[in-house]
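My structure is below; once you've seen it, I'll send some questions.
We call the chains A, B, C, D and E, going by the order they appear; numbering starts again at 1 in every chain.
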Amino acid sequence: MTNTIRNNLPVLTLNRIGKVWQSREGQVEALTDVSMDIQEGEFVSIVGPSGCGKSTLLNILAGLDAPSKGTILSGGTPWRDRLGHIGYMPQKDLLLPWRSVLDNAILAEEISGVSKESARNEALKMMGEFGLSGFEHNYPYQLSGGMKQRVALLRTVLADNELILLDEPFAALDALTRSNMHEWLLGLWESWHKTLILVTHDVEEALILSDRVYVLGGRPGFVKSVVSVDMSRPRSLAMADQADFLRLKKHVINLLKSTS
Amino acid sequence: MDMNEEIKIERRWFASFDFKYWIIPICLTSTLLVLWELLVWLFDVKQWLLPAPSSILQEIFESRQLLFNHSVTTISEIIIGFLLSLVIGVCLAGAIAYSNVVERFAYPFVIASQTIPVIVIAPLLLIWIGYGMIPKIIVVILISFFPIVVNTVDGLKSADNDTMRMLKTLGASRWQIFVKLQVPYSIPFLFSGMRVAITLSVIGAVIGEWVGSSSGLGYLMMRSAPQFLTERVFASIVILSGIGIFLFALVVVIERLYMPWYEMEKRQN
Amino acid sequence: QDVSDIEDSKEKGVININLALDWYPNSNHSGFYMAKENGHYTESDLSVDIFTPANPEDVLKTVGAGKDDFGVSYQAEVLLARAQGIPVKSIAAMVQHPLNSIMVLKDSGISRPSDLAGKKVGVTGIPFEEALFSAMLEYDGTKPENVTIVNVGFDLGPALLGGKVDAIVGAYWTHESIAMESQGYEISVLRMEDWGVPDFYELVLVASEETLQSKPGLVKTFLTATQKGFSEAANDPLKAVDVLVGFNPEIDRDLEIKGIDLLAPLWSEDDVVFGTQNSDRWKQLSDWMKEKGLLEDHVDHQEAFTSEFIE
Amino acid sequence: MDMNEEIKIERRWFASFDFKYWIIPICLTSTLLVLWELLVWLFDVKQWLLPAPSSILQEIFESRQLLFNHSVTTISEIIIGFLLSLVIGVCLAGAIAYSNVVERFAYPFVIASQTIPVIVIAPLLLIWIGYGMIPKIIVVILISFFPIVVNTVDGLKSADNDTMRMLKTLGASRWQIFVKLQVPYSIPFLFSGMRVAITLSVIGAVIGEWVGSSSGLGYLMMRSAPQFLTERVFASIVILSGIGIFLFALVVVIERLYMPWYEMEKRQN
Amino acid sequence: MTNTIRNNLPVLTLNRIGKVWQSREGQVEALTDVSMDIQEGEFVSIVGPSGCGKSTLLNILAGLDAPSKGTILSGGTPWRDRLGHIGYMPQKDLLLPWRSVLDNAILAEEISGVSKESARNEALKMMGEFGLSGFEHNYPYQLSGGMKQRVALLRTVLADNELILLDEPFAALDALTRSNMHEWLLGLWESWHKTLILVTHDVEEALILSDRVYVLGGRPGFVKSVVSVDMSRPRSLAMADQADFLRLKKHVINLLKSTS
């Protein structure tokens, strides 16, 4: 990121991204013509049917995969060294089985050269909020599905990047734990001015959290529509019954259902 | 749940000392020995050709002091050689897995080193290094580092691709991926290699002693054979086998202690 | 001699014979190949296959166990084998004197065993050879403790040429010395029988007691044919080497040509017939070995050989 | 993405024939050979001790017929022996991983078999089996089946525990879990073992030929060494190494073809 | 199952199940005193906070783990040979990486001895409904998260057990795909009279699908309450706005939130 960002230009621009997967089983077109503009400090959600290419898109953004077509810009200029400079929580938790919860969480800091001890102390403070206290020294196989997911989220946010991509971070969480995590995430976003891109299947979640929602269509994935969520903040799950919210939700769901 | 039990216990194998799992093996082995003894008597197999278990045992007892003294030499060669080959093997494997160029350059030599008959290049070794313990240790290393290299390289390359990608997004360098991901992934492979290597070290020490020495079980065998002391040769083999089995088991135990997470994960339930 | 046993064991008109050599084929064995080449075995309906086991001492085991019919071994080994109950007997002496010797580099100035005091000597680890060496030292007035013995395994020659030892014991003066000289070194040889060691037959041809008892005719026939081979080899050493190399192309012809010149006289020295062995020589060696503690007292040297097949 | 590229290509190693990855290794190897040649000339190293590469090459050329004839014997021993040891090793490993009792009974013998110096039991081999090709093949098997057993057993036991439990809920029997889960999991380990084993087969054939034979490169070396034909010994070693490297690479290629899913998964991106 | 079932007795009874996990890191009490009665042909959901022991409970039911306390009965008599006789879709998809989608799906039938070919033909028919057509011969690494989950579900239902346990089977699916799968699952349940136990985080999903909802509390897991869903069937996502439904939903959510 760094100094290429000029104030009014989007911190991230996807310019007609396309992706084709080649394999011996044939080729799969996963994405076609996906364009997006993300402003600095924005909270953007992406929703779309299963298999429409959301994870593929995030992989491309993170710099893991090269797009088959299109370019990615930041502040108007091509952004190539994305890998390692964008926080990314992938769909699978990918915890290292030989590391304790704590040591999995501090992986990013360890990599960036922070002393293990101070990283551990910092992470320990967050265990409570993540509902992991008492499990700091347990190993991944001893955790429940939702706990693993929270460790992976913690690992991602502790990497402390300006732009963070989250691929269904709350899929394995119950409503209560989930809304706690929502609050925590919004706190992070607001106080540290992060730019967040969230992939989710939960339309309510998208609406409560984000400024804009990209609705994708599938096979191959394309941008169907962008919905601005112009509800005042702070928002909460309690708002889910309000007319405004319900209208927006129905709108997004209809968009998802529409076949074009 | 019964089946569950079964697999649970099976996973513990060597580390477990459940007596019930040892009864049948011990019985079978005893039966085999008794059969051997009987066959030797029945078919009147000559002592000088294949001694009966009883005469081997007797020889072990009678020559215990001699066998013990020579074992000490051989065991030291085995252990020093194995430890060195572990260090060398792991370093080499690391370099090979880390760098293409090293791999393409070094691997053919590593393979070639295994196809060189030690006995044939013995004069070179002797003339360069002399007759002390060092040439024996070199022979042990030559024989035992190869499985360590091959297994460790394969282990280092077996690291999970998705996790590797995750680490990259955390900004991990090639080196950090290597240390934090590939190395832990290679540990189970490394231990497989170590099990093979420690066993080969035993024969390595014996061969090393043939190349010129004045003590050790290999030397003892070399000396006993032309005197037709076949029981003594077999007694030495029995002791070598015992050493081999013991060291193999030792590696298994160390593995258990060193990789609790691996075993725990596998073993739970 | 009763030759009827031959007829019994014929298969398709020929008898298959296994002959185990003590070492890789070399001019010591040229007589066998001559006999093969010139058809002396087939004349008597013998078909001889020649093998080399892994270790010299294995010959006595394969012969003793009946796997091989005849074998080439060493006189002392036959005694040692009998001590352990291996039922083998020497049926012919192949070389009338020791080939085993001490070798030094000529420019070392060593000319007698006592010159080795304070030096390093390489041996192969065979106790009998070490005893021979000690006897030579004692005969020449030096205590064996004054010499450092180094076990050099199989590599006697390289150890000497490489300067790792000052002398080697266990190499043949008809073979190793020539091989070393061909590498451009000058070698001096101290022969065993010159330095107080009982004169012994270096190589002997052995058969099992079982064979001797049940197939004397076969033994006789085989020996007669072999004798022919060796006498032809002695008469035309050059041809013998060519025949040897013909059967074993990996052999260095030049080496063997030099070797056979030294060797051939020892096959039938002093007009004795090839194969002759006498009881005194066996007694001397066995007494000496018993004295040195190398051989158990119960071994009877008379039982270890038989002269009944040599004429 | 560059780093990505790097790892992607690294994964292909042996299978890849990107010339650029071969330049440096080839240059390095050539430099080494030239250095060796120079050192031999400079320090006037005796031919019998260490021949220069040029004289080895010359010997290979001059004795090509002899070397070829002996190679044929050795290669057949290697290949027959290796294939048999693959079959035996895999069956044994299957039995060991499948049954506790077999494991506790058989494993000690398997280990013991590795500590027996072949040359010492040579007379038994000769007397029981004779002088033909079979004892050599047995020696190859004895030497090369061990890494296959150890690696395959470890592989069979490395199967993912969660997946094993899933299969149990589908009603899978012990045997079905073995065949449908453990066996596929063991394949990468098996190939590690095969890579070690095929290389050891080469030296196994050489040792087997010492046990009593009249052809093969091992025989040729043993015969040439006392004649101080060191160039010929080295020529044989060069050929043996070539055979070893070729067979090792062959196993790698077969692995690629046989396990596309494993490679694909690892290699993608 | 088989002949132990008498008509009026519950097909599955959990009698004061408790579970304590032992490990070097200390012991974790995962479940305490969990009792349940499941009638034949019932559709029961289990909801509860992340880490409260839902997966642990299913593992025990499936016969994979032994409870530390309590007994499990069927038709009033202890039921020991559960393993292999209860369909179970675990939380992780656990697809075999060397098998294609199709071959992963037919695993259970292959195990029960059905010929591969006929099993494949049967599975092929369902690929469309599961949104997997075109991917039959792809390998798991080529699938999206939601696609993998659907393959795992297909594998479980093809095992064709009377009692089926599902651990968050739709967590990775978008609303649309999810409601398709709901319909499909209800069809299966109704036409084949299966008994279904579903673990989910989505209260709406629980209410739409099931006859009764067990609400668990956490640390250690215990049964807080059982809610009967006495709404008429067929139900659909469209009902989610109805007062009845909203009342029930709020009730369950409040139960989840309550601290006792």
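Keep this in mind: contacts are C-beta pairs under 8 Å (C-beta built on N, C-alpha and C of every residue); 3 or more make two chains touch, one makes a residue touch a chain.
None of the values given here were measured: they were computed from a predicted structure.
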Problem - Joint neighbours of chain D and chain C, given as chain labels - result: B
Practice task
Count the C-beta pairs in contact for every pair of chains, then give the pair with the highest total.
Solution key: B-D
Handout entry: Rounded Å distance, chain B centre to chain D centre (Cα mean)
Key = 16
Exercise for the section: Please work out the Cα centroid separation of chain B and chain E, and write it as a whole number of Å. Expected result: 48
Completion exercise
Averaging C-alpha coordinates per chain, one finds the centres of chain A and chain E separated by a number of Å equal to 28
Handout entry: Two or more partner chains touched - positions in chain B
Key = 3-4, 49, 119, 123, 127, 165, 168, 225, 264-265, 268-269
Exercise for the section: Going through chain A residue by residue, note those that touch at least 2 other chains and give them in order. Expected result: 23, 63-64, 83, 92, 139
Completion exercise
Residue numbers in chain C touching two or more further chains are 55, 61, 65, 157-158, 162
Practice task
Provide the residue numbers of chain C that touch chain D in the complex, in ascending order.
Solution key: 18, 24, 49-55, 58, 61-62, 65, 67, 157-158, 161-162, 175-176, 179-180, 182-183, 248-252, 255
Completion exercise
The chain C residues in contact with chain B across the complex are 55-57, 60-61, 64-65, 77, 80-81, 83-86, 125-128, 149-155, 157-159, 162-164
Exercise for the section: Under the touch definition given earlier, write down the residues of chain D that touch chain B in their complex. Expected result: 3-4, 6-7, 9-11, 13, 21-22, 24-25, 28-29, 49-50, 100-101, 103-105, 108, 111-112, 114-117, 120, 123-124, 127, 146-147, 150-151, 154, 157-158, 161, 164-165, 168, 174, 188-189, 191-193, 195-196, 199-200, 202-203, 206-207, 210, 218, 221-222, 225, 233, 237, 240-241, 243-245, 248, 265-269
Exercise for the section: Going by the contact rule at the top, pick out the chain D residues touching chain C in the complex. Expected result: 46-49, 66, 70, 119, 122-123, 126-127, 130-131, 210-214, 219-220, 222-224, 226-229
Practice task
Would you mind writing out the residues of chain E in touch with chain A in their complex?
Solution key: 21, 23, 25, 28, 47-51, 53-56, 91-92, 131, 137-139, 142-147, 150, 168, 171-178, 201-203, 241, 246, 253, 256-257
